[in-house]
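Two complexes come next, and they have one chain in common, subunit A, joined by subunit B in the first and subunit C in the second.
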Partner chain A sequence: MNEATPPRAWMESSVPRRSTAVVEQRANDSLVLVHIDTGRYYALEGTGDVIWHLCDGQSTLGHIVAAVSAQFGADPRTVRADALELLTELSREGLIDDAS
Partner chain B sequence: MEGVASRFSAFETAEGTPDAIVEILADSEPAASLARPAGRSRRLFEEEHELDYYPDSGTLRLVDIGIAALCDTPSASVRILVKDDDARAVHLASHLFFSLCLAELLRSRGRYPVHAACVSLDGRAVLFAGPSGAGKSTLSLACARSGWSFLGDDVVLVIADEPREPIVRAFPDEIDLTQESLRFFPDLGSLSLAGPAWEKRHVPPNHIAWLRLASEARPAALVFPERGPVARLSPLSSDAALIELVPNVVRTDTRVAQRHLDTLGALARAVPAFRLEIDDPFAAPGLLAPLLEGRAGAR
Partner chain C sequence: MLWETVRGARNTPEETQVGEHEPNEPTGAEEKAPTGTGSELSRRDFMRGAAAAGVVIGADDYVKPTLKMLGVSRLAAAASTPPPPPPPQESPKKGCTPGFWGNNSSDGQGGGVPWWDTSSDPEWAANGGSGTNPFSQSTLFTPFFTSHPLLVGVTMWVAVNGGGGSHPAEKAARQLVAAYLNASFGAYTFTRAQLSSMWTQAVSGGNSALNALSTLLDATNTGCDGQ
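For the complex of A and B:
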């Protein structure tokens, strides 16, 4: 089993990218992720679900925060703080990396 | 091979070219004789048996004391080497190791194993999903005893090509009998075969006169049983049902794992799920029959 990836510092210009070792599926409200290498699985909902899909290896963190703020009508500072927390957790689990 | 033949005596046989070849051969040093495939590997399981997947060749390698197996998925060929004087290893060859290789071959062909017992009424199926010890076998036998058809007590195969409704295919392997199962079904004691000391007693389903086998059904309810002081059925969200089903995904080929997860998602979306607390398994048929009313798909 691979060790979890150490957390990284995310910046405005970072480009989060979903790992190809992750398979995903939706039942209803939750998106379930399974990491093929570690066997761990996760459920994302709401903004977490949206942010996950924006981790496309092309959008910067700045773009992601702007898109989520617009979609949910939320304060960008709050969205940024939430996104940073989520991205840190996702990278710690080896679910994303930085393509920038 | 006698162990394999006994396990699968309730399966339908088919003529023609086989879909897969399984060799079980005697060998004095199984692990040394079955070389590791080339390339990187992923450890899937190591607590009791070593189970590694080699993605470059699509090969599964299994090792335990006195036994080793290679499952080459692209060529659908399995080779199991076993020390023939080691009773535990010989039992693993016809049971767990055979099962793990067979499941991998089935997954690669779009038949996705789900750890669940399954019974049906007029072609509409209830799946009892959950870990070992949850009471799946006993509940499925209780329903079968009251006239329901039986598709399997531990594993069934699910096929879900959306937008078509999912289908459950039977996997009528030997029924494992716990002491509790035998308490509820004492007549099975005389039919069952005592396995090695570390295994449960088991009986091929076609040896039970009152058990009616079905080969296929439409899933109509997904039930997660647990022991409880009273019989109670509570709805479960499709999200929660999918989370419960995720451990069925085996982390071999990424595309196959995605399709397996897709199938579980389709099942969770299409079929209402419930948590079943139950103490008396014979209460299950009456409690579950209303779940099957009004759902199409009799086959």
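For the complex of A and C:
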């Protein structure tokens, strides 16, 4: 079974939103996510948990990239590419959707 | 986390260079992000403003975000199986924690249950357990589970009681033994096969994965009578 949703195109104006079916638990340097509907569980590593918490259903992808870039002093182009890759994976697993 | 970092951040010469990827190092800022409208909005507004102004904030290393799938619980496995799953077995009556299955006392007065003292312990079934206990207290952790250097020669009994240490492997093993007993006893979130696989993956993944497994099972092993 795979409740994964088809890959979607994330745009600057997209508003990623965490699924309410996901519970999270911190484990040192990673954040463990459990999708209570699918039973799948994951580890978010690196700056993944920062992006995860910014997927609040109000911040656009553009805002998220800007915030993470500012937070870590990283190249926005790199952050954007990484964020797009992560959001694609998260949405494919049904962990987020687009509130826009 | 983010807000805490932002509040204490400043522009410093040692800031990460543009596009630089550095290994993630735990920091005191790695606490769970505050939630709630007030702090959330303030943080967001602050970050938006800072970003719009082109201000570089924070000296944390940027590490590429990644999502790793750790496993699938019984819920997903059951749904993918063609025939419908059997009716749930009786849940353990109480105490799904390592402390329930362990004892922490050599004189047997520690409060743990003696339902798996021996192979095919009659008390296992007498107390509602399904089939027979999967192992006894004296069974060696390795090779029953995938070997880890810190658990060679360690019995299930020692492992469920903490193994005498706080290493991620020992912490995860403690939860794993309790989880495996729970899965064998009756209804449980994960199957025994899944638990064995999760342990193997965690050993391969190192301390971070072992910590993740420990945390996950710790959260799963707390549902019985407030143990």
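Note that in this section the second predicted complex is superposed on the first by the 98 of 100 C-alpha atoms of A that agree within 3 Å, B and C clash if a C-alpha of one lies under 4 Å from a C-alpha of the other, contacts with A are read in each partner's own complex, and residues count from 1 in each chain.
Simple rule for what comes next: contacts are C-beta pairs under 8 Å (C-beta built on N, C-alpha and C of every residue); 3 or more make two chains touch, one makes a residue touch a chain.
It should be emphasised that the depicted structure is a prediction, and the values quoted were computed from it without experimental measurement.
Upon superposition of the two complexes on subunit A, a steric clash is found between subunit B and subunit C.
In the superposed pair of complexes, A:L61 makes contact with neither subunit B nor subunit C.
More residues of subunit A are touched by C (comparison of subunit B with subunit C). In the superposition on chain A, A:A70 makes contact with subunit C only, while subunit B stays out of contact range. Applying the stated contact rule after C-alpha superposition, one finds that A:V34 touches each of subunit B and subunit C.
Of the two partner chains, both subunit B and subunit C are touched by A:R26.
Contacts of A:V50 after superposition: subunit C is touched, whereas subunit B is not reached.
By the document's definition of touching, neither partner reaches A:V15: not subunit B, not subunit C.
Within the three-chain superposition, the subunit C stretch that clashes with subunit B turns out to be 147-155, the only such case among 21-29, 57-65 or 147-155. Across the superposed pair, subunit B and subunit C both touch subunit A at residues 1, 25-30, 32, 34, 36-37, 39, 41, 43. Looking at the complex, you find that subunit A touches subunit C at residues 1, 25-30, 32, 34, 36-51, 53-54, 56, 58-59, 63, 66-75, 77-79, 82-83, 86, 89-90, 93. By the touch criterion stated above, subunit C contacts subunit A in their complex at residues 1-2, 5-6, 9, 15-20, 24, 26, 30-33, 40, 44, 47-48, 50-52, 55-77, 79-80, 189, 207-209, 211-212, 214-216, 219. On the side of subunit B, the complex with subunit A involves touching residues 42-44, 237-239, 241-243, 246, 249, 251, 254, 257-258, 261-262, 264-265, 268-269.
Subunit A meets subunit B in the complex at residues 1, 20-21, 23-30, 32, 34, 36-37, 39, 41, 43.
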